[in-house]
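So that you can tell them apart, the chains are marked A, B, C and D in the order they are listed, and the count of residues begins at 1 in each.
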Amino acid sequence: MNNPQYRQRAIQLREELSDDYFLLWIWDEALGAAGKAGQFYDVRALASLKDSQNAGKIPKLFKPISIYDNQGGRIGFMIKKVGEGTAALSELRAGDLLELIGPAGNGFPIFQGKRILLVSGGIGYPPMWYLQKELINHNQIYWMHGGARQGDVFPCDEIWTEDGSIGRHGRVCGGMRENIQKYDIDLIYSCGPMPMLASAAQISQELGIEHYVSLESYMACGIGVCHGCAVPIGTKDDWDYLRVCKEGPVFNAEEVRWELL
Amino acid sequence: MGTAIKDNSKIRPNANELLHSKLGVLELKTPLTVASGTFDLENLEFFDPACLGAFVCKTITRLPKKGNPPPRLYETEAGLLNSIGLQNPGLDAFIAEKLPVYQEQLRMPLIVSVSGSSIAEFAEMIETLETCAGISGYEINISCPNVENEGIAFGVSSEIVYKLVHRLSALTQRELCIKLSPNVSDIAEIAQAAEAGKASSIALINSIYGMAIDYRTGRSRIKKGIAGYTGIGIKPVALALTHKTAQAVNIPILAMGGIYTWQDALEFIWAGASAIAIGTANFINPLAAPELIMGLGKFLLEQQLSISEIKGKAVI
Amino acid sequence: MGTAIKDNSKIRPNANELLHSKLGVLELKTPLTVASGTFDLENLEFFDPACLGAFVCKTITRLPKKGNPPPRLYETEAGLLNSIGLQNPGLDAFIAEKLPVYQEQLRMPLIVSVSGSSIAEFAEMIETLETCAGISGYEINISCPNVENEGIAFGVSSEIVYKLVHRLSALTQRELCIKLSPNVSDIAEIAQAAEAGKASSIALINSIYGMAIDYRTGRSRIKKGIAGYTGIGIKPVALALTHKTAQAVNIPILAMGGIYTWQDALEFIWAGASAIAIGTANFINPLAAPELIMGLGKFLLEQQLSISEIKGKAVI
Amino acid sequence: MNNPQYRQRAIQLREELSDDYFLLWIWDEALGAAGKAGQFYDVRALASLKDSQNAGKIPKLFKPISIYDNQGGRIGFMIKKVGEGTAALSELRAGDLLELIGPAGNGFPIFQGKRILLVSGGIGYPPMWYLQKELINHNQIYWMHGGARQGDVFPCDEIWTEDGSIGRHGRVCGGMRENIQKYDIDLIYSCGPMPMLASAAQISQELGIEHYVSLESYMACGIGVCHGCAVPIGTKDDWDYLRVCKEGPVFNAEEVRWELL
């Protein structure tokens, strides 16, 4: 399975998390064998397409959602309702059909024997969950997660909230230097909103630590044909627009031309 | 129709015969193609390519093009805004890397979409491509709303279109399809200029100028501001321009703009299209192409009508 | 902003002050007006007219106009096709019958929309209307897609637009708003011609050419074939043209095209509109106008921003 | 109440009829006092508008639906599901909200002491029901109704179906002359599809019988402002486009320029 495939799968289980977050689980052994941490699926609530065909309403684009968990075919998505597409997904219940295109993207590079810092913000949490499962046996991991308020944070080693409602008060990057020193970090993975990733990248660059970021981007095709999701990647003098859905979503933080974003 | 013919017609043609169409010098197994920039080999993972009559690749330019800064996409109530800016690896890389893969994998005519910044550059590109095997035709893109052509706004001047097409038609026997912009006062005039220059077909429409703004912050949803608008919301416009153009020229038309379903496709064929392409629909429904051909074939079979029998026969 | 001003700003302006706008010589209590041909006194039964800053009537012509044969309407996936053909009772009947009712019932500026078949006819109509009280301005409709103007395609030639506006601006001190067509290669050029001719404002956009066909029968959904396309599906196009025009001229813009909600209205104001109009939305939601002003007022109040502070301040 | 008003009213009762036909009942005393036979409302399922505001889908036009019955405020609509707008209405259940603009249009002129023929086809039935209740005390009435098949016909004096599944076989106009003679008819009312009305009009004209038709037309505003619903009305040499929603839907059959439709 080199290229993303199109499938429809029934929701096996739906779990409510805090506020606008929820989990959708599907079952597909072949997909379970294929998906890597950091990869994602372009997903859509099939109901929304059926609605549109029956009632003459207009169908909408698929939305990229990371693989949150993969237990050999039991695949989980952790989703936050933020707009139309995720709202349609939030209506799904067990038994409803999910449309999937994927697995898409490159995924995180996997190492062994490292002292790793995971930094996630808001909806950057799901790919990190899958990633830490992949890394846990052969690395030391410290995971920091931040969000706007209590409803945006989830289990990890260190929690930050912007409103101070739980965990440490402030933005998660604020605690990065301290932890890098404390745990003698030599590898960073991060995922979250762009400004957070940019701050994190600046810190790792200053300290000279290897750092992989998973970037967000608005997508149309999600499979590399439209070039709509491109971001500037390369050196200051020699960069190109690479596709988040194909060459990404994971890039070396050093190579992302943050100043052009 | 005389009774003799009526009797013959008892041997009902099958869907394949009814779906057959012609675009200029090309025989198409089905009238369905794909809109440049919205479809590539990745999509062929989703369905059997036999539903497509031809394959149109992403526009290439002489030199590599970086494309426009992000964000490049925004979905509106009824369509899509894009500002890709013709990002592509350039002609040489296309010939060295992409073309061989197409030659190996495509089981249908390949139409190469090209854009240039001057008549000379267009001509140079066609001359180069003429030396390559495995190409059935060219789609001459003089209508991308997301790049400023250096010096000339090709798509809006019928004089320049005539000169360009006249020059290119002398260079090739392959299909020469001119892709027009909807952002003009009189598309018929431009189409006639292309016909006079000996184009073998017309493609329309490319994206319409469109824009969207975040109402809270005033920030343009697309970095460059004005973008290209496509999808279901432009269907009525594309259909009107197809009809207008079909009234004005005799060469065949490859129509696109908001075609999502077989019913949409039929509207364009009635209006005068010999072939149709799906663009934005590929993003909305990965199976849009096979579903379109299934539906179209079923309709033609039920009605015992062929593409050529309904083409341009809209009742007004 | 200095601290002195910050202190003053504690006296927070109310929604009425924030909603105030100006269109050329007109002071508007709110930036909201209605699109010609989509709204009349009947609609004012549905809500308090105080939400409107001005009233634009259906276009009138010198002589009565029968209009186009039916069917004249068809609703598409994302908008409306119409082919009314400027049906109206003519100038004399308008002055004798409609104007007195407007004068009696309207509690806001009346803008009379006029269309003519020659510069002389336009001028004659304005001269006649100048003798009537109760008119605050004119919307010069040179952009109806559903009638062929005898001899001249007014809206597409900047030269003719300049001549026409130059002639009319000499005849009146009232608001002179020129309503442009989107069906042109370069709307900025036409808008500049209107400004050079001393128009006091620009209205845009009128309907876009559009069409729909019954896929089963091939019959055009609209008797005349090509019609005017309006509604939510044209919003991205209208917004792009508003932005383009705002970059090109200094006179104010009355923008329309797919505005259904206060969020839509804000997009157009960010893009450069001093006032906005709802057309097709009146058919879709009878309370579109008051809901728009409620939402817009609330937003401006929350953000403590006025129309003039956000007008044209889109970030690109 | 001279001009149409805008209201939202809860469905009180919904009744299933044959096939795609159903009845919706609302309660509004003021509207009950106002509506005349032959008038109509522009209606829409409020749910469809709410859907569109929540899910970003695109709201659609109101649809003209005749007053089928009016019992002093208990107002009934008889609706056939044919397309999107009526499909949205067909989803409504008791308690759901209906949007109404009306009453709109002119209504049928009412006479006394006449021998009346009512001719209706398909969804032309509803206004005739209300009309015959208005006429019944002071006139003699014979009502013919036709439809494609059994599911399209409803109680009346004489039923026709095109497929012969019930009643007489053929089109309802086929029986008009016979009944006109038999009952010595001196006034006709008709409502149904355009071709049927045109045939009926030709018959009444030949026989010189007064005849009022209620016309169908595609509408946008439904209140007289857009001129979208216009039909040619007048004499052969002097006619104008009049609005079905304002000057109509009822016109003198003789004045309709059928040849231009």
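Throughout what follows, contacts are C-beta pairs under 8 Å (C-beta built on N, C-alpha and C of every residue); 3 or more make two chains touch, one makes a residue touch a chain.
Predicted model, so just to flag it, every value in this text is computed and none were measured.
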> What chains, if any, are shared contacts of chain B and chain D?
Replying inline: A, C
>> According to the touch definition, list the chains common to the neighbour sets of chain A and chain C.
In response: B, D
> With chain centres defined as C-alpha means, what is the inter-centre distance between chain B and chain C in Å?
Replying inline: 34
> In whole angstrom, what separates the CA-based centres of chain A and chain D?
Replying inline: 57
>> Could you pull out the residues of chain B that touch at least 2 other chains?
In response: 77-78, 232
> Can you list the residues of chain A that touch 2 or more other chains?
Replying inline: 56, 58, 60
>> List the residues on chain C that touch chain B in their complex, please.
In response: 76-79, 81, 156, 183-186, 208-213, 215-220, 223-227, 229, 232-237, 239-241, 243-244, 262-264, 266-267, 270-271, 299, 310, 313-316
>> Can you tell me which positions in chain D touch chain C when the two form their complex?
In response: 3-6, 49, 58-62, 101, 217-221, 223-232, 240-241, 260-261
>> Under the stated contact criterion, what part of chain D meets chain A in this complex?
In response: 48, 52, 54-58, 60, 84, 87-88
>> For a test of understanding, state which residues of chain B touch chain A in their complex under the given definition.
In response: 37-40, 42-43, 45-46, 58, 66-67, 69-75, 77-78, 80, 82, 84, 87, 232, 260, 280, 282-287
